[in-house]
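In the two assemblies presented below, chain A is common to both, partnered first by chain B and then by chain C.
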Partner chain A sequence: MAVIELKNIVHTYRKGKKETEALRGVNLTFTEGCPAALLGPSGCGKTTLLNILSGLLKPTSGQVLFDGKDVTDLSTEERNIGMLFQFPVVYDSMNVFNNLAFPLRNRKVGPAEVKERVREVARLLDLAEVLGSFPRQLTPSQKQLLALGRGIVREDTAVILLDEPMTQIDVHQRWELRRELSKVQGSLNITMIYVTHDQYEALTFAEKVVIMKDGLVVQEGSPEELYGNPKTPFVGYFIGTPGMNILDCRLAKTGLDFKGFKKEITPELRAKIETYGPDFKLGIRPEFVHCGLVQQKGWFPLKVKVVEDRGEFKIVTLTSDAEELKSQVPSDLAAEEGGTVWVNFLEDKMKIYKDDRMIN
Partner chain B sequence: MNGKETMGLRVENIVMSFERNVVLDGLTLDVPSMSFTTILAPTGSGKTTLLRIMAGIDKPTSGRVYYNDRDVTDVHIQERKISMVYQQFINYPSMTVYENIASPLRVSKEKLSQKEIDERVQNIAKLLKITHVLGHLPEELSGGEKQRTAIARALIKGSEFIFLDEPLANLDYKLREELRGELKTVFKGSTIVYATPEPIDALSMSSHVAYLSKGKVIQFGKVHDVYTKPRLREVGQYFNDPPMNMFDCSLSTEGGSARVVVTEELKLDFSKYKGVLREREYVMGIRPQDLSVVQNRVGMISFAASVEFTEIVGSSTTLHLIHRGNKMGIVIHQPEKQHKRGQEIRIFLDPGRVFLYGKRDGRLLIAQGQVVADAVPAS
Partner chain C sequence: MKNKVLVLLLPSLLLMSISAFVPLMTVLNYSLHVLFSGSIPKYIGLENYVNALKDPAFLSSMGKQFLFCLEILLIEIPMGLALALLLPKRGIMIGPILVLLGIPLLIPWNVVGIIWRVFAREDIGALPVIFSKLGFFYNVSKVPAHAWWTIVIMDVWHWTPLVTLLCYAGLQAIPQEFYQAARVDSASKIATFRYITLPKLKYVLIIAVLLRCMDAFKIYDEPFILTAGGPGTSTELLSIFTSRQVIGGFNMGYSSAVSLIYFIVVLLLCYILYTVMTKIGEH
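Moving on, here comes the complex of A and B:
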């Protein structure tokens, strides 16, 4: 098990005359046994960072340290890493038992020890019943667990890196695989770093989430912190399903003026933001945007553009014609596309941003 | 032909086999005109195969395809006036976005002036929010922009039938979210057939859903109807995220009552449904969203379960639980406290929210308090 440090990682891809800055100075520490996620949109640099961690790529500059030891120049094999990819990497011609045994036999481990260790890992991964089966007989989820098993069967594995492992897995198997991955992580207390663009996967897996954008770390913290205290509008937008609404507004005498509607604010909030004013960005999550069919004091009217049924609730896209935002409403709210609803935001759930920084 | 034409798309008794592998096994489906119909099924079930047959890219081994009552099975795809969008954002690499979108109009039989073409391209680009990249080449675009371009190209023809094969599959989570809301509005005026393994696509965007299994459509209807009455266990389980909880149970008829028993603690008095309960074994389904950690209704039954895994995403928590070997999930909105692995908690279940399925045939007998009409066995 290892403490992993990334120091001042910079990486630039060069193709002929074309240069792409993939990582622009990343500093991160992953503590032992803490499940972590690198989360961000395509092109943010998370895959490049993963490849640097695994040894597939050498950074243009910067260091990778495992337990204080500089491994920047070491190959993947020398780093004792297990990896899970989008496509399960298993040997189709070997059964489950032999797949798991392979890394041990490679190290010349004796048959009795191999048998014991394989059985133990299979039990942990709920693969004990299928030791005699071949990969083609397994579900995609089981194949990924087998790939994971091959990584953890060697007891000197320092870290498991997961590169969007759920990509080929259907919705229902993801439900099971999330549980299995968490179980393995918890039992072995192994350092696991999960790379994804899916915020749901990141938030359910990790205790430490690192959000990246354009080659830099934007915010790192627990899922709760990132959800409740997004430091920049981007983080607010990226975390949450749907993400935070980010609205342009201006401080006026009566409150905040948005594009097409107004909202009053308390003197306390005004005092906090006045000095930075008058233009701000307001972040408010759809679940804190309240909708009703009856006018109430302080509520403002908006038109319903789209209603998305999610089964137990609905996501409504509201518009003032100049601005759009989303609201999460109970499934029995009779909001019709084209109709009008009365809307309000909870003031204590509003995040005010100025120049990409949270100020309240 | 009589005056009452069946508008829409019909596939009748479609069989599609590749060598010895039968992918579609006598599939019949009527897609209503102007509907947004989702073909929902796990990966590998034959959705793409079906879509390709509907569009005319492939000919079925047997069976017929009708567009508005006209048999088009032998009509070549070029003659069919349809559009298709694929997973892999397919655009002409050497043409600008503008030219990509304009291209179907340039080869169309409608002779359009440059001005008319320009107007249509600008309108579609605005609708799909890609006006700012009209002058770019596809390789310069992000994944989302590439797919929007492909969708614009499909839309501009004004085809009556548009087929989409998991168009969001290769896009980031966030982009998928954004496009879902938009796709719902951009396709008005056409009949849409959309293939996906994601229940949320069916729920968010569609008017109708067809669930595909073992080469046939096993349930088709309006989204709300299929969601509230999933007629087969497989559909009930699949058309929910997290999957609907399913428990094997048996019927106990002691003392003239009818109890459906999962375990000693988890059992329901279904005496009022005695008439339809003729078997010994059943499967009880309850949505994770319908379980609760508080007793907020009269008549709820309760049982103890231990927490295997906690998923906290924003203001809702999903717990993976286990009760006497029965695995299940529960979704709690705005939970008051944290739950730890191994913790024992009390779970409440409202019998009025339960789906009861036959064990042998998986057929829905009782749906959230209502007996399903054709569930009453002939006596």
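Moving on, here comes the complex of A and C:
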């Protein structure tokens, strides 16, 4: 397993005279044995980045390093990687054993070693029982594991790339496959890069999540970091269901003026942000927007537009006619659609952004 | 509800019975009699069938039919597949190429026969001239092998594009991910073909084989126009043999029996085709 480095990767697609910048200078390091995820909306460049990692695509400029060795110009075959696709790619005409042996035989590994390695990998992936079966007899999740097995059967595999591997797996089988993936990752200490647009998958699988948007890395960090400290409003909104509330505001004498309501702030916070100018964006997670039915000091009234009962809690959409925000409230709060509630933001959970950057 | 369905099906069932069932039963009835036109039919049971299966001319034409079928399959299937693999996957050229490939498919059988007949004629044809320039003797009306291979090549020219088009469509349907996975696994070109392309094309190839097989059994125009089954009976395939029994032989009973045997052979092939296709649906 290897350390994977991407240095200033730029990639431009050309179609006739039209140029599309898919990646605009990406710098990333994936450390050995760390499960990582590339997360971003469709068209953010994550698939392009994956193809560059796998060698199916050569970047317009920049370098790809595996353990410090420049592999930018090496083909897929020469890179020693494993790859999982959106649907399980297995060789239908071969049984499970031969599927696992295939990458080894292509590299002219001797039969005795092939047998040993295949058995070892099959045991790890819980496929030992089905070595003689054909792929059509396996479940989608077993097929995906078989595809993973072809990646880890070679001992020198530098990295396993996973391109939305859950797409065709039944929802209730996903957790099983995810657990299996994590088990393999942990026991072999391999570098895995998981590409997805599903935040739940990325956050549950990876220790390091890279958020991409418009061909750039917006933020990288642990799931907790991304959730707790989103560096840009985009990350805040993208991570979490529902995402962070992002509200326009202006610094006034006693607090922040929003569209249709005011929130008082402490002098300390005011001092921190004052120098950046009067206009900001405020980010606050729905669970830190507190609601009550009675007036309290510093709280402000908002109309209730929609109440969604999620069982253990409710998601309430609040409106001031000019601005909308969501709040997560206890399920026993008797908020009614069309009524009014008193609202407060927890000041220490408020994230303040200026020009898409977090300043507090 | 079910009755309504039957009522609605009635016209087509009626039409089918008139066009298929009645003639078939008539032929079956004929085949059990000694019957020359103008004479009184005499019932002889299965004797016509027994005679047919003992008739060396019939057996020889049946043998030739199977040989012809085998030969064109051995040439057309690999060649059609190879052509499909050589075609570009995309680009502006693929449209015109596919149209060009499709042209032979648009030409009726008898016209193909006429084209090649003119081409192969010993007096005015281009083929004998070309062959003699190359130092070979070529004469379809004198040398059985020449006539035979001319018909085989005619069929290859006519129908290989069908195999190519089928395979091409099949190849387009194979997801690129399989080839990417093969590259990840360092598979050689041969291994990629053997373990990805071929298994994924399996059903397309089965259909191509069966379609070509059935058509090969029904070939009539080309050998008939080229040499009318000659020289001698060297290109007298089953269809020509059968029609000759009716047109020249006047033995309606016997030719009916031959027709039915011929029909059963084709039907058997259809049955295989049907079974394979329904199996694909289950898969």
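In this text, the second predicted complex is superposed on the first by the 349 of 360 C-alpha atoms of A that agree within 3 Å, B and C clash if a C-alpha of one lies under 4 Å from a C-alpha of the other, contacts with A are read in each partner's own complex, and residues count from 1 in each chain.
Keep in mind that, in the parts below, contacts are C-beta pairs under 8 Å (C-beta built on N, C-alpha and C of every residue); 3 or more make two chains touch, one makes a residue touch a chain.
Remember, it's a predicted structure, so these values are computed and weren't measured experimentally.
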Practice problem: Applying the touch criterion given at the start, work out whether A:His172 contacts chain B, chain C, both or neither, answering first, second, both or neither. | Solution: first
Q.
A:His197 in the overlay: touching chain B, chain C, both, or neither? Say first, second, both or neither.
A. first
Worksheet item: After lining up the shared chain so the two structures overlap, which partner does A:Ser54 touch, if you call chain B first and chain C second: first, second, both or neither?
Response: second
(request) Pick one for A:Glu287: touches chain B only (first), chain C only (second), both, or neither. (result) first
Check the residue A:Arg107 against both partner chains and state whether it touches chain B (first), chain C (second), both, or neither.
second
Winner on chain A touched-residue count between chain B and chain C: chain B
| task | Name the contact category of A:Pro242: first (chain B only), second (chain C only), both, or neither. | result | first
Listed in rising order, chain A residues that touch chain B in their complex are 41-43, 140, 168, 170-172, 175, 178-179, 182-183, 186, 197-200, 203-204, 223-224, 227, 237-243, 285, 287, 305-306, 308-312, 315, 317, 326
Interface with chain A, chain B side, in the complex: residues 42-43, 142-143, 172-175, 177, 180-181, 184-185, 197-200, 203-205, 223-224, 227, 237-238, 240-243, 287, 289, 308-309, 311-315, 318, 320, 329, 331, 341
Residue positions on chain A within touch of chain C in the complex are 54, 56, 75-77, 81-83, 85-87, 89, 91-94, 102-103, 106-107, 147, 150-151
Contacts from chain C onto chain A in the complex sit at residues 175, 177-178, 180-181, 183-188, 191, 195-196, 198-200
